[in-house]
Structures are given as structure tokens and as C-alpha cells.
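Alright, structures below, take your time with them.
In the two complexes below, subunit A is the common chain; its partner is subunit B in one and subunit C in the other.
Then we have the complex of A and B:
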């Protein structure tokens, strides 16, 4: 009957109850929806970063990142393969690359680029390039002169398929090495910067050009999930001679992405806090109004022999119902709106047109995550009950005589 | 044979402070209420009737003197013990705002038994039986707003007596009722007193209600100004 009483009490003033329910629903919905949108944006950002030749884990020579020259290479890539193969979780892929700075020249243009020598078949499973060629063809494994060029660079160079591009870099002997390539394919990437920066040739072609018999500059690993990164990297570190090799994760390789994700997490937390504080004032205010309207009733209950604890429980049960209804409707609305927009996404270009320049998509796809979903509900529910203690205790403190004399 | 006292007050005083003014509500009241009394506390407004009822029912504490209910010293009890005592031993009927508005007549009557931990089936049976006794058969599911003032007071009396308290305290129970309805309520209370031996103490300044009392205690300026037995006087 106590539960029944609480349920009926919240409907004594339906308009007030609906107003506070609306506040809770909007609060919970915004927590879930904006949390999912933020999470979607950061996940996309991370996916783009990882697929743009980063992967989850990379192995380099320890000096390569500070001085990315061919001299700082992994001389015996077989050791990396031996260490990697047994510990990679199912669903993982990995590949080797030669990555050096180079200058690309055509008849009329020259520009600094990053030359990437790849194993076309394995690379396609690890990075974006496998599905990125929009004109022409992807590289064949034994193509000695084929090159893939980004769309933006091709436009800058005013060049097209089958045209020649000459690349120059420092060879193994420290002398300038150059080689003429023919454009086999033009690729698109998420950002223009990527299209302008990278040029892809086969591993054999890169070795020929640089005068390298064996060796690579990096091994890149793509794991089936981000969560496996730390554990796999640690295991790999134990199996490899470090130094001279170094194992790095995307967290080291993509500091901007890492910081952005951390920043977004902070935004989400602050948003939760702001929404909750606004909601808490609403809940406390509503319950206080309800309590002060019923002072005589609490006096009556006490006169009948109800102990203060019973009154606290009664008010908290009313708060529980408000929160239950509000969070249930907020969750339903949140899940519905996330699902509706999960396919089409939200075009954010009007709000942040320059997102693409930092490697983010213009369209955000909200992603519901169990953690964020749980957090929103726990924050609203647990803290909602906690703030309701104030009006509940207030109700329990009226003495019967004072309360019954209340007009 | 001497009847055992349910309530025993000895030299009880109670003062209130209103701003800078100290008001003496009760000034050295001593009183014995034997079991089965149908006692009226009569006196003008502000004479101390309600204060006296509140003290007997453990709703308030005396400044000095002692109040015993069934031999237990109320002054020595904690708030929680007083709540327990009210629950088990005292039934209350107030002048107005007597019922819980969101509960039906039957649920209102059941409520005290719920607090006492009585099983649901027993509660329901007892509540319906007592509502039948007070003439509210078939009105079990009505909410207070759907009952007249007299019917509401009947529900309140039913709730006050349903769990067999030692004493029922009624603060001007007919004050908001017309005289016919008031008379009917007093008839009902007196028949309960006579048939079931329930002890009633009620306050009033209505002569008609005083006429029902088996014992009339007049209160004036916080003191007992008269105490008369009126066996056989009350007539409906």
C-alpha cells in the first residue's frame, strides 16, 4: 500500500508531475543522444586515424620516429613476424611497409610526400588504401613501376592516370635515389591532407629505388578491437628485442586523436554534470513543493504511528517513480533517436565545417555504447535518489503537532 | 470495584512561546481516565483542550508533571517509542483533514493495521467489518473527496477503533459537521463505547456533544475547572 500511495501521490498534481517528467526525459535523452553522438564522432575519428596507415600497433626501429630515414629500419623483419604471428588474436591482420620522405615531381610540379612501399594484398586488409582507389586500378604485387596517387595531389599536379611521376629520396647508401613511376590508380581518402601526403608503390619497387636488399621501416597491426591494443602491445614488447626495436600503439602514434577523445570524454562528463544539476534542482523543487503541500498529511501519518523512516521511504518512493518513468522514457527516446540517425548520420558541416581538416567526417553517426548508457542512467537514478533525500528528510522532521496545526 | 486507569496525568504543565510572549496552555492538570470512559473535555477555544489531547496521545511533550498511558511514562519515551505507542494503543480522530486523500475508505482504515504488520487478508476483513459497523457498507472504494464530511469522520472513527486501541482521542470531531450529522457520529461513538468498551476522550465546546458524555471535564485557562460524572444523562 505504501507503494500504491506513492504512485497515487505523484499523480495528485499531474501537470507538475508531467513537467518534471519532461525535464528528466529531456535530460536523460540528451545524455544518451549527445553521449552517443560524441562517442560516434570520436570513434570515427579514431577509425580514420587507425585506417590511415597507423593500425593499432606499429613496430619500428627505435630511432625511426625521431628520424624517419631508411637507415633507421628493421633489418630482420622475420623476427617481427615470428614474434607477432603466435600472439595476434583471431581476426587480426598485419603488414610490413617501407615508409620514407620523398619529393614527387612531374613536368610542372614538385612536392614533398611520403612514399609508402606496401605489400598490396596484406596492406588492403590493414589500411584504407585497399578500398580507396576510385580511378584506375589497385597495385599488383609485382608491379615495379606502378604508383597510387591521391586525388587532391593529382589535381594539384594537374596529372592523371598513366602519367609519369618521378620520386626522389635518400637511398640506403645516403645518396639521392630516384625512380619514375606510372600512375596506376587515383585514391580518395577521408581528408585532402592524406590524399596529398601519401603515394603508394609496391614493396619491391621501393626496395629497388632505395637500394635495399631486405628490411622494412615498420610493421603495422590491425586488431579486431581497440580494447586489445594495450595487452597485445605489451605481449609483443616482451617477445621483441626492444631496443633496437620499439613497439608503439595508436595512443603514441596519434596523440591528437588521443587528446581529442580525452577532451570529448571530459565534455561528456561535464554535460552529464550540467544536465544532472539542472535536473536535480527540478526534482528537489518538485518534491519540496509536494512535501510542503502535504505537511498536515505527514502530521497525520506521524500521529497514526508512522516512524520518520517510513515518511522518508514514502517520499523517496515518489522520487523513485518519477525517476523510473523519466529515465525509461528518456532511454526509449534516446535509443530511438540514435537508431534513427545511426544510418543517415547528422551533417555537422553547418556547425563545424572545418572538421574535415583535422581528419574528422562532416557527418556524425551516433553510436550507442553500453558504458555511456549505463552511466547516464546511474547518474540520473542514483544521484536523483540522493538529492531527494533532502525533501524526504524535511518531510520526516515535521512534528505531528506542528504539522497538524499547519494551514 | 475500582476500574483501572488508562490515562493518568499528574500536575502537568505545558507552555508555548509565541514570539516574546509565553502562553501557558496547561497549568498543573491532574486527571485519571478509567477504562471505558466516554469523556468530554469542554471549554472555550484556547482553554487547553487540544493541548491536553495531544499530550495524552504522545503527540507533544509536557514541560513538567507526568503522563502515564497504560502505566507507561510518556515523558521517558523516545520519539520512536512514542510513535510505536500511538500506533498500538491510541486511535485519533481530528477535527478536519483526517484521512489520507489518495487512499480509499477501506485503505484508510487498513492503513494503521498495515503499519502494525497485520496480514492483508485480515486487514481487509476487519476494515470492511468496521466500515459496515459505521454505516459505510458499499463505500469501501470511495476516496475521501467522494465522501461527505460526516462519512469522512465515520471512516476516521472506524480507523481509530479498528485495531482495538486502549483509548480513542477525538479533537472536536463534530466541529465541521451539521448538527444532525454530528449527532449521528456521536451516537456511533457512544454505541462503540457501550458495545465494545472503547475508551473515548473527546474535546468540544458544543453543548449537544457534551450531553453525550458520561463524564464532563471543564477546562478553563489551562486548569481543570470541573469534573462531573453524568451517568445516564446522555441520550440520543
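Then we have the complex of A and C:
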């Protein structure tokens, strides 16, 4: 009976109900939509970071990250392979690399780059480079002179396919090692910074240049999901001689990404709070108005013998219907708009054109996430009911005498 | 400075070496010319003029060389730059600056930068024997100069050689005088040309007293080397090509 009465009550003043519904709908929609957009942005950021030669887990010589020279290398990569392979969950891939700082030269240009010696087949499954070559060809495993350079760097250097690039770095003997390569392919990456930073050659060519017989500077693992990172890294750490080796996850390797994700999570939480506070005032206000309009009615109910609990229940049920309708419509609108924009994305370049400089895409693709979705609904619903207690208790306190005096 | 390092060393004046050999192939011509200027030791004093459209600087430089890969260069003037030095041993280079009293080893990142603001790069100095090691040479024509035959040679870098140039074109006279060296980029556009002039007897043999490095695309930019004097086959004290000597001013 409460249900029916409450339902009818909220439609006694349809305009007011619609106004408050609109507030709830917009609030819920903005929570869902912004949450999805933020989640989409940070996920993209993470994916880009992981695919740009990071992976989920990396193994290095313990000193390599503070001093990335060839002397700080993994001398016996076989031990890493032995420790790693039995641990990997199905669907994982891993590869080895030689990564050193180098100077790239042509007749008119010179620039510092990161030279990466790769195993072309395995690398293609781990990082972006496998599908990134847009002109020319990907490296063949036995290519002694081939090099892949980024589009932006090729433009800076005014060079193109089949041209020579001379690379200089410090060799194993501590002396300058230099060697010429021929541009086999030109790759595109998400950001220009990546295109300008990396150059890829085969592992054999890198070893030949640096005077290295065996050994790599890192092993990188790509797992089927982010959640497996911590567990696998711990297990790996136990099986490897650490030191001299060190195991790091993307959280250590991409501190900027980690901090950005944490920042966005905090931001979303604050956003939820702000939206909810605004919405709560709307709900309380509307319900108070509805309650004060019906003072005589509540007095009558009391006089007829209804208990205060019943009145509280009645008002809360009205609030429940408002919230139910509002969140339902807000969710529907949120899902709809996220789905509409998930394909095309939102071009943020007008708002944040410099995002690309920290490695984020200019187009945001919102992504629904069960966690954010649930959080938005629970926050609105539970807290909505809680704030409605105030007008409900107010209504329950009217006595028949007060009601009579009320005009 | 390329000229300094490549050509300043003494030719051991063997009588037979100057005889023109018509059957020489390109490699032999280049090597013979290279060795004409290479020898055990040399000590020379050079004025280096770095010319730009807006300004010009003249350095006076003294250079000691020994064998193929050791040299010490010291700036004598102007006073502002006096005492700066460069030591080269094999592929490695060190620079000394008296103002900060420090020797630095030239890292790979600085190898393609200009040496003392001139049109020579550190690489030009460090890789002075690259022309012999890293290229395939081919005679593409002949000409004449002061009544002597001149070979025009095109030199293409070997596949893995650390050479940024697309090719070089050399003009070498039959008596081993190196007349001109043009560096081309990989689009086969000329980048810079070094040309010799004022060929006369110096230090006991025919030697170009001036060398000019001219950028192809900047008319008013060049570096000119003018030899004041050069002596070949002199005794160079042991310990000249050491870091401690680099640090020690005048001797």
C-alpha cells in the first residue's frame, strides 16, 4: 500500500518530479560517462606505455636502470629463460632485447636515440613495433644491416627507405662503437616522441656493433592481463638470482603512468562526491517541499492512527522511486552515450592538445567498467536514501494538532 | 683539420714513390696519395681562418702527428683560446680546456659537432683514415693540373662502414698531390668540398700550403688552413701524445 501511495504521490506534481528526475539523470549520467572517459584515457595510456617496449615485467641487471650502458647487461640470458618459461601463464609472450643509447647520424643531421636490438619474431608479439611498420618491411631475423626508424625522425633527418644511417654508441670495450645501417622500414607510433626515440635493428647486428658475444640488456614479458603482473613478478623474483638481476613491473617502469592513473582515480572519486552533493541538495529540497505541502495530510494520517515509522517509510519510498527512475534513465543514457562514442572517440585536442607529449592519445575512447558503474549507482542510491531520511523524519514528527493549525 | 691530420704526417722521401705509375688502380692512387702525406712524424704550424658572413676568426695552431693515428693539436692564438688542445689516439679523442683545467674525453654524442667552431667536425679528425678503410674507389675520369695528370675518383662507402656520406669525389694528381675532396650526402648532393691550393715546396717536398673547407650550400662559410711551416720526419719526444702532455701548456 505504501508503494502505491508513494508512486501516486510523486506524480501529484509531475513538473517538480521531472525537474528532480532531470537532476538525478544528469548526475548519474555524468558519473558514468566521465568515469568511463577517464577509465578509457588511463587504460589507453597504460596500453601505450606497456606496448612501447615496456611489457608488464622486465628483468635487467640491477644497475641498468640507473646507468643504461652495455656493461650493465644480463650476461647469461639462458638463466632468465629457464626461470621465466615455466612461470608464464598461457597467453603470455616474452622477448629479449639489447637497448643502448646511441647517436644517429646522416650527412646533415645527428640526434640522440635509443637503439634497440630485437629478435624480430618474438618482439612482434610483445611490443607495438610488430604492426607499426608503415613503409618498407619489418626486420628479417638475419638482416645484418637493416634498421627501422620512426616516421617523425625520418622526416627530421630528410631521409627515406634504403638510405644509410650511422649509429654510434659505447661498445663493450668502453670505446666508441659505430656502424652503418640501411633503413629497411619506417614505423609509426602513437606519439611522435616514440617515433623520434627508438631505432630497431636485429639482435645480431646490435651485438656485432657493440662487440658483444652473448648477453642482452633486458627481458620483457607481456602477460594476458594486467592483474597477473604482481603475482608473476614475485614468483619470478624468487627464481632468479637477485641481485645481480632485478625484476620490475610496469608500475616501477612507468612511474608517470602509475601516478596518472592514481590521480585520475582520485579525480573520479572527487567528481562523484561533488555531483552527489549537488544532487543530494536537490533531492532533499524537493522532498522537503513535498512534505511541507502535505502537512495536513500527514496530520490526518497520524490522526487515523498511522505510526511515525509508516510515514518515514512512505516518504522514503517516494525517494526510492525518484532515485530508481533517475538512476535507470541515467544509466541508460550513460551506456548509450558511451557506446556511441566508444567507436569514434572524443577528440580532446582542443582541450588538451599537449597530452601527446606525455604519451597519451588525443582521442579519448570511453570504456565502461563494472567497478565505476557499480560505484556510481551505489553512491547515488544509498546516499540518496540516507539524505531522504531528513525530510522523512520531519514528516513523521507532525502531530495532528500542528496539522490542524497549519493552513 | 682533416687536412692537418691526414696530410701533415711526413712522407718518407723515397725516390721511387713519386714516379707516376699509369697502371695504378683507384685504390692504389688513393693509398699512395694518403701515404704521401703520412709518415712517421710531422710538426706544423697553421693559421686556421673560420669565415662566416658576419664574422671571421683566425686561430694559430700547432700540430704534432705520429704514424697514422696519433696527433696532438694545440691552439697558440688568439690569447682567448690559447692552450686549448685536442689529443687523438686511434678512434678516441680528448679535449683540454685551460680555463676549466679539465680534460674531457669526446663522447659519441659530440663526435659530429664542429671542432673549435670550424667547418671540420670532431669526426673528421677522429676518423682521418676512414677514406682508406671504409670506401671502394673507382677512377671515373682524368684531367690535368699544372701540366700533370689528375685522376678523378669516386669513392663509395662499404655497406657497414660508419660513414654518413653518400659518396666522395676526389681529385688526385699523378704525383700524389691531393687536390680536392667533395663530400656528397645520400641524395648525391654535395655537402662540402675541401680544396688544396698554393702547391709549393714545404718541409722538403711539394705540399699544398692552403686548404679550404667550403660548405656547398652556404657561400660565405668556409674554413681556411694556411700552413706557415711544416717539418717532416722530425724527432718527437716520447710522451707527446699523452693526456698529461695535453694538459701541460706550451713546451
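Everything below uses one rule, namely that the second predicted complex is superposed on the first by the 406 of 407 C-alpha atoms of A that agree within 3 Å, B and C clash if a C-alpha of one lies under 4 Å from a C-alpha of the other, contacts with A are read in each partner's own complex, and residues count from 1 in each chain.
Rule of thumb we're sticking to: contacts are C-beta pairs under 8 Å (C-beta built on N, C-alpha and C of every residue); 3 or more make two chains touch, one makes a residue touch a chain.
Since we're looking at a predicted model, the values are computed, not measured.
Undergrad: Which term applies to subunit B and subunit C once both are placed on subunit A by superposition, clash or fit?
TA: Subunit B/subunit C on subunit A - fit side by side.
Undergrad: With both complexes superposed on chain A, which partner does A:114 reach: first (subunit B), second (subunit C), both or neither?
TA: neither
Undergrad: Once both structures sit on chain A, report the angle subunit B, subunit A, subunit C from C-alpha centres, rounded to the nearest 10 degrees.
TA: 160
Undergrad: In the overlay, answer first, second, both or neither for which of subunit B and subunit C A:229 touches.
TA: neither
Undergrad: By the touch definition at the top of the document, which applies to A:404: first (subunit B), second (subunit C), both, or neither?
TA: A:404: touches subunit B, not subunit C.
Undergrad: Quick check for you: in the superposed arrangement, does A:95 touch first (subunit B), second (subunit C), both or neither?
TA: Neither partner.
Undergrad: Does the superposition put A:194 against subunit B (first), subunit C (second), both, or neither?
TA: It touches nothing on subunit B or subunit C.
Undergrad: Classify the contacts of A:144 with the two partner chains as first (subunit B alone), second (subunit C alone), both, or neither.
TA: Only subunit C; A:144 stays clear of subunit B.
Undergrad: If we overlay the two complexes on their shared chain A, which of subunit B and subunit C does A:166 touch? Say first, second, both or neither.
TA: After superposing on A, A:166 lies in contact with subunit C but is clear of subunit B.
Undergrad: Just checking: does A:179 make contact with subunit B only, subunit C only, both, or neither of them? Give me first, second, both or neither.
TA: Once the two structures are laid over each other on A, A:179 reaches subunit C alone.
Undergrad: Once superposed, minimum distance in angstrom between C-alpha atoms of subunit B and those of subunit C?
TA: Result, nearest C-alpha distance in the overlay: 85 Å.
Undergrad: Name the residues of subunit A shared by its contacts with subunit B and its contacts with subunit C.
TA: Touching subunit B in the first complex and subunit C in the second, no residue of subunit A appears in both lists.
Undergrad: Can you list the subunit A residues touching subunit C in their complex?
TA: Contacts found on subunit A: 102-103, 105-108, 110, 112, 144-145, 159, 163-164, 166-170, 175-176, 178-180, 182.
Undergrad: Taking the touch rule as given, give the residues of subunit A at its contact with subunit B in the complex, in rising order.
TA: 1-2, 4-5, 8-9, 12, 296-297, 300-308, 310, 399-401, 404
Undergrad: Would you tell me which residues of subunit C are touching subunit A in their complex?
TA: Its residues touching subunit A are 91-92, 108-109, 111-113, 157, 159-166, 183-186, 191.
Undergrad: Note which residues of subunit B are touching subunit A in the complex, please.
TA: Subunit B reaches subunit A through residues 54, 57, 59-60, 79-80, 83-88, 90, 92, 94, 97-98, 100-103, 107, 110-112, 114-116, 159.
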